[in-house]
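For reference, the structures are reproduced in the following blocks.
In the two assemblies presented below, subunit A is common to both, partnered first by subunit B and then by subunit C.
And then the complex of A and B:
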């Protein structure tokens, strides 16, 4: 019960943070709320991952993966660039804590902890890249195969009929 | 159709998008689509790097035209990316003439965005991150104060036309300074680590990482590498600033360590 309450507060925090950040980078008004939802999902997955003992790096990977998935899905539903949701939505996963702890331990002169947090920061940045990479590839495959998106439905159409304007996604 | 106007339109569209933080391939794609509307085009080449655009168009019976455009300042303004995308789609779908498209792009470029709510947004983001990292409501309120100060630092940096790296350093020093001062005033109820981490979150290079990956995946290795470098430089700037800030101010304001 306590855990659920804490998770709710954290997810709400992520929503508020991503909502504000999306406003900050001038996301069009109608997409700001959706970007916030993407961020909230990322935090939810991360928190669940941590609480089930998956470790920080794997939790970050799953979180980034879900954020990228939802961003691509939203981009296809609302016919907007993926970046709108991805840039703000990925923010809760970015290893700010790791960066801070690295510096903190450098100043304290604790080399062991510095190395630990520095490596962890790089690992998390790496898995975020990997997650975006994976989702871009998966959704790219759908497009390459001549599947045209029509909201959430993918319809296979003859290649010559693919209108070039639709490539600008 | 006037070659010059078509070219200007494509260049303007590309410039606005690149300045607003669009991925490289999206800029190339959009410009290519606009240039392709010249129905007698023989050669269309667009090359977009992170710091500049070059394009060539050759139409039957005309000399090839090439323009190179240097793009100096880059920010983030996603609504501009969306709007340029929209204008280009409507133009390519022949709902707009090239003159109309050009005028709309010019108007879009001239628009000054209203940043009056930015301090509130930064404060909200900091407070939100505090809750996300497991801080309590008091911490969130304090983080909002730190966020407002961060907005002030960013505003001053912008007015003084600091280089991006220096701006990251000074802003993080500012964050460290105000966090430590608040800690000195308030004492134990404040979790300084969480407040400080939340306050640097709006600065972290999330966008550089995202775009670096997407550019690299598209085969734009130069832009990808440049953005990766940007991400590392940003992270190093923030770390440096926080480090300097803690090292100096914690000795002044927090007697007996933290």
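And then the complex of A and C:
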């Protein structure tokens, strides 16, 4: 019970944080709330991952994967650039902490901690990149496999339509 | 249909200029490379200029266009790495879709683009507030206490105001971020002198407060550009991200080290 309450508070915190940052990078008003939702989902997945003992790196991967998935879905539903949701949504996962700690320990001259935080930062940044790669590729395949962006909306490519285009040429 | 096809030299120039302007606006406000490429090709296609080549880097656009009748349009445009305004990116994206759907004439599109480009940034006060709340929430997510989070709200807001001020006076990126990091550390250290019942942790406040300075847009865009095989631009932006991270951390750590080293952690 306590865990559930803590998770709820954290997820709400992430929502508020991502909402603020979406506002900060001048996301249009109607998308700010949705960006916040994306961030909240990412935090929820991350927290669940940590609590079930998946470890920091795998949790980050799953979190980034879900954030990227929801961003792509929202982008297609609301016909807006994917980055609107992705940039703010991914922020809680970005290893800002690790980056700071790495440099902090470099300056302090503590090599052991430097190595630890440096490796962790690289791992997390790597899995975030991997998650974004995966989702970009999956949705890219979806586009080729029958769904095409036709100026204002996504349409299913029908054979007769392709034929008519050929006729024009 | 026929009315649209008569592209005179004048028109070809204007069309290409519109496409180039749209690309410039997109690129300078934080769009990805392929979005710029797509927008340029959509606009040119919509106005019947077929033979178009655009080569886009993270800070430049090279474009040539030809309609087989008149002189070739060729231009190189330098666009310095600059700020972020996703609202403008969205608007230009919509504009390009509407142009593709044939809803705008050339003049209308040019006026609309000019209108979009002049869209002002949000009020610095609200942005500072957003920055503060964001920083505070991040601090709270990282398991800080409520007191620390509230202090971080203040620090985050002040740092954004500093950052906006530095941008206005066109400070170099290095100076801006090192000073920003140093300022965060100073403010966090100052906060520890406020007498509370429970002590506050400097580290957690610093980690929360550096979030508004972190170049999230450049980070995500660089990854997606590399994923999309725009290696050149992706690498440039990735390097930009890493350097900014480094500057902030160096600024903050230097202040902390000086405090602990020279002053022995207290006065």
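The definition used in the following text is that the second predicted complex is superposed on the first by the 146 of 169 C-alpha atoms of A that agree within 3 Å, B and C clash if a C-alpha of one lies under 4 Å from a C-alpha of the other, contacts with A are read in each partner's own complex, and residues count from 1 in each chain.
Assume a residue touches a chain if its C-beta (ideal position, glycine included) is under 8 Å from a C-beta of that chain, and two chains touch if they have at least 3 such contacts.
Being a predicted model, the structure only gives us computed values, none of them experimental.
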item	value
Overlay on subunit A: subunit C relative to subunit B, clash or fit	clash
First, second, both or neither for A:54, with subunit B first and subunit C second	neither
Partner chain in contact with A:136 - subunit B first, subunit C second, else both or neither	both
First (subunit B), second (subunit C), both or neither touched by A:87	both
Contacts of A:37 with subunit B and subunit C, given as first, second, both or neither	neither
Subunit A positions touched by subunit B in one structure and by subunit C in the second	10, 13-14, 16-21, 23-28, 43, 80-81, 83-84, 86-88, 90-92, 94, 96-97, 99-100, 102-104, 106-107, 128-129, 132-133, 136-137
Subunit A contact footprint on subunit C (complex, rising order)	30-32, 35, 42, 84-91, 93-94, 97-98, 100-101, 121-122, 126-127, 130-131, 133-134, 137-138, 140-142, 160, 206-207, 210-212, 214, 216-217, 219-221, 223-224, 226-228, 245-246, 248-250, 252-254, 256-257
Interfacial residue positions of subunit B with respect to subunit A in the complex	21-23, 26, 29-30, 33, 36, 76-82, 85, 88-89, 92-93, 113, 117-118, 120-134, 140, 193, 196-198, 200-202, 204-207, 209-214, 217, 231, 235, 238-239, 242-243, 246-247
Of subunit A, residues touching subunit B in the complex	6, 9-21, 23-28, 43, 80-81, 83-84, 86-88, 90-92, 94, 96-97, 99-100, 102-104, 106-107, 125, 128-129, 132-133, 136-137, 164-165, 167-168
Subunit C partner contacts - residues on subunit A that touch it in the complex	10, 13-14, 16-21, 23-28, 31, 43, 79-81, 83-84, 86-88, 90-92, 94, 96-97, 99-100, 102-104, 106-108, 128-129, 132-133, 136-137, 151-152
